């Protein structure tokens, strides 16, 4: 039989805390899971630094990727199977895209990407199309198969139903991570009735819609997402750890650029500092590797690199206050001056950070970052946009919420010399409007 | 106020998936959690290689240690509080012992200890009594406090009630790990009614007993433990990964001893190879560090070190068959010869491994490894040993069960040269009684 | 010892699916639970006719009452205990009020109260103050104790903290029923982090407030309540059963008033038809008694009473369409005429029903039905109303939502004679805006 | 299309707390659920008097019957579908048998059957084959279909695979009730991995076997069952309520036989007292009807009927002591004499009761009540009986356990006259042996 249709002699089963079991029947899927690029996802945490706040959140992108695959498998094999609007020949491409959609994520992605100005989506494409085990497996299906998978993940694939299952405002990615992250953090948000949502999903021309009878399950999902963003993903303490992480990488780069001699040279990072990295350099990185450097760097001569590394490894994080960028920027300048006077480098020790989310959005054609809305299928066959039917979704629809914080090392402001200046800083920080 | 009784200005709360919340009021406990030796437990998985079978089991010893603390806190603050048989002055020592009982665990403890002939319990004691942040914190309570905590963990403490809460056949350690490991693996075993057990625990002279009305909850706990051991902890595939891990370390040591020149020298391991290690060397190790070496060693010249490292990192594990040591040892010798003839080094590629458990044991005075039994408190004040009342526990009591497996690289036995010999090997392995 | 402080020799424990265990230590509480008026609550379903839609929802008001008691017990014994703002002498009155707050509910309360124009709150007061076992038990505490309990339930009690725990926009009553009804129906709404909410509740002068750090748990609770109202409590099919139930009682009364001779006389109801009932008459009623009558009345000569009884007992409910009272009332008149022409009595077979809810309301002083808002306690000691801090609550705050339905027997409109008229009716009903 | 294959225009979905959703596609199943005989199961509790101990256990046989149907539907539609060993033409008969297997249960079955010497299995057969709505629906499938369904339930059906799904030592009936009863009582027993068991069930010639890889899930199921029997089903307090119930019915019959004039005549029971009942008489009974009588009988002149009714309605149950029938029967005689002397009728107020269970049994051909064992399918195709592979099951296999209790009204033995005799009784009861 051709490789695309080859089934395992015996179905493989993974025990999964979120979906109970994950089932694999296709040889292609099995081979992809066993590839080294996919196994690498075991070494990258799904929630980056969040485990420093929610100690249970130590799960990896490996688990999440299997979960997204399983949701899409249920949709394609149980829900969409046999429906005339669904093209069965898309089955394998959507399963592979689901499994591989996060393949390009690196260690502590968010911070890493910011500092080195890279994009995990590019790496995903490179892994799919470059010299990798994953690429070889996909090529065995057909010569154009790697490209198709890449297009689905890049949202440029022609069949929008397929794209929609992987990335839309209600996709398998979100449905898995909300439940999984809730499970591992232990928070009571993040629950919604996925079984119900899956059963009312319908393929329709160039989109996937939800039968109106499932509207309340969708509302619950939107609210879950909202709570998870503000309670878990944007938690200010996890962001404090990210701030420090960025500062470690920034400092190491600066030192490298300035010719500083490391006791422990940043071998794995050098190509990134120099922007000469290859895919191989990227794949050699993971969170264990980065943490190994940070532990070694705690002993570097450079006091900033050493201190920042120690802070991250031993969880000695920055404190924070709310911050209103509209009116507080001048104050921020004053604070920076005071930090300098107090002998604390504000480039590293006074950091503003913002984060923002749009809980749900209806369609705003032509606007930047436009998002496809969730469409409900009415009993009479009409299609209606979710926020037109749901009072609760309407209430939060299109309302972007942003949170600004200013991070600093509280304990440095109480001890030692230059007491007067430090006291002045503390007073300014207390005032609220930084 | 003295440090031992110092309370936090505001109670600290950890969200925990197993116990919902973990509460910290004592300054001592808070300081211990923030020590670098305790934070290090975040970098050591609770279940070692089990995540390669149960992908959800990526949780750390940090989480488990908090969990054991919380259970003991509930017992001492809610259940035992105010009972005349319980000495309130033991509260802090039992809380600290609960929190710190696993402090000496290293990366992939089981394998590491076997290869380097070390014992995590010794390291725990060294951390408590040596030059560490934890030691300094404990010393602030009183000069003899570190030693008291160490004695509780070593089971030599005079108050046996205290010892019993941390290590007995029904202790906070087991109650936490059964539930926690079940939660993270997602298996349906591991559940029992801990709230019930806690409510029927009673301090009594020199032991902790269970009111007879809670017997069925205890039965359920014993059964849970039994299932977890055989379904999770002794899973043959996780043991395959451990076998490989041991072989990596063994090979690296051999190469080191023989003067082999490593492309990536085993800096972190050298002191262990030479048995010249200090506590500092030990604390510098964690699973991220070890994995970083293994990834680098995939490129070593030595084919065995390189292959074994690749197998572990990319989860290319050994296959296994059952093995009866009573009658199959001669066969094992024959197999080893055949492996050599086939050009496969049996010292690394043909490995027998056994594991064994005693689900529950009544008291066998004088016997090796004697265990204190679980005692039930009858309504009339009598004490009876569990297996005398419980038919189910009686049925499995004292019955040791052992599992023997023989591990080998199945894929090397099908490909390439020396087909006849390999086929002979395969036949022998198939016969079952290898 | 005086009765108010008398403790049970051994704590009593109820296994509860929602709160795991319910603990009783006070002799007063134990005696109240064993009183005949409280045991009667076992014979009245918590959710009336909802079990005809959600078959799992067969739980009684007995379970709910124990649950409310347990929540208040935890608040008073664990959370508020020892706080200077909380008056410990209120403990027993608030526990009793929690346990007894629903004592006056009758069978299928909602419908029964509507038809007979009675109010369960009056019955609760009568049971507390009249010739009952409950009254005798409360009197043993002190002569004014029954009255105090009644005042708490009637919200006229002087200590508003106490009232607030039993009836406010975030009280023990709501917290229990949301979770309990979610559990028994099996829906995925209704979950929120009660442990968190309880831990951040604070007594304060004349109210109970929530620490601002718990705001998101409160948001989740408000959203849960919203979903439960629209998904469960207002389910149109359960309302169909209520419509029929009202029509049975209405018909029986009409027949009774007109001197109809019942084969099975409505002995238990007669005093209600004549408005000559006593408390004893009321307490003799429960859902088993009412169902017994309905089953006997299926054999009555009167075709409407017989048909309606059969519909209720055997779940042959009315169909429904949406209905807009603003513009459809004239149509409703036309429909009634057509029903008459078709030989179907519109007084019984064409019924409009509406239901409505206000998910949360801030304080609108002076307005009808004003509700106390939820107040958050800020870190600096300020008090802020919830909807001023929560974007999501603000979005739904004060927005009343009402649902109108028109109920009718669909199967009578397709069969038999007068086809043309019936077809006309069906067309009108289909038009949507009936 | 013929009725047997007729599908609903739209799948019907029931929300179920245990199985999440129950799916109905077949017109036959839908019609059966809506029949009056099936709706009647809503008025009969699944666990009889257990709700008087576990207040949450108020669920009905209706819920359980839907649950058994759903499990069998999953097996036939998902697991067995397409396997050559499974005959697809059996699908409808096994679904109907699953749904209807408990149809003949009456109110408080256990006690009712004992007193009136009837058997619910006969009533099930009568409902399937007699003049009922259910019968008419089944007849529409085919003339021999009612008989086939009855045979499956009676275990005489030729296809033993079909019988085995409904009644064997691991059948859909047990799998539903263990989980459901655990859910509603709230106990922590009763959980096992049903999804795993269903996935490893295999049809095989004339039986259903379990793949050996699922052995541990089966062990867990056997242990769950064991715990549920002793913790829930045989709870001595629920048995106390049953004892009283039997005594009410026995007394009413005695009074009826002796010509006693009831204030409230036992109309619904008369045909049972006289053994002249028809199926219609039986179907007119339910627990609401019985409770209505008991409430009325609390006011009868006969002190025993009145007292017993009051005890049941208001939960004033008998106390109990252990009792060893082997050696205590003489003592029982002495006690009876003393009761008489004390003026308490021992026929009603001194009742011995026993209950017994065999947790699992292997095959004992020729023995009374032989049970089919659970067979495991080995990887090599062999079949092995469960207890030969499972150490834990082996340990409890074939071991019958019986519990004897003696019930009496403790409060009558402390109050009032004849103190000396009563004290003597109390002493004897305390001695343990009785």
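Letters A, B, C and D mark the chains in the order given here, with residues in each chain numbered from 1 onward.
Keep this in mind: a contact is a pair of C-beta atoms (placed from the backbone, for glycine too) under 8 Å apart; a residue touches a chain by one contact, two chains touch by 3 or more.
The model shown is predicted, which means the values in this text are computed figures rather than measured ones.
A.B. asks: Quick check: more C-beta contact pairs at A-C or at A-D?
C.D. replies: Result: the pair with more contacts is A-C.
A.B. asks: Relative to chain B, which chain's C-alpha centre is the most remote?
C.D. replies: Farthest from chain B by mean C-alpha position: C.
A.B. asks: Averaged over CA atoms, how far is the centre of chain A from the centre of chain D? Could you give it in whole Å?
C.D. replies: About 52 Å separates the centre of chain A from that of chain D.
A.B. asks: Report, in whole Å, the distance between the mean C-alpha point of chain A and the mean C-alpha point of chain C.
C.D. replies: The separation of the two C-alpha centroids amounts to 44 Å.
A.B. asks: Could you tell me which residues belong to chain B and also touch two or more other chains?
C.D. replies: 20, 187, 196
A.B. asks: Name, in rising order, each residue of chain C that touches chain A in their complex.
C.D. replies: Against chain A, chain C makes touches at 187-189, 191-193, 196, 216-217, 219-220, 223, 226-227, 230-231, 391-392, 395-396, 399, 401.
A.B. asks: Using the touch rule from the top, collect the residues of chain D that touch chain A in their complex.
C.D. replies: Residues of chain D touching chain A: 13, 20-21, 195-196, 199.
A.B. asks: In the complex formed with chain C, which residues of chain D make contact?
C.D. replies: 14-18, 20, 34, 36, 39, 42-43, 51, 54-56, 58-60, 62-63, 66, 183-187, 284, 286-289, 291-292, 295, 313-316
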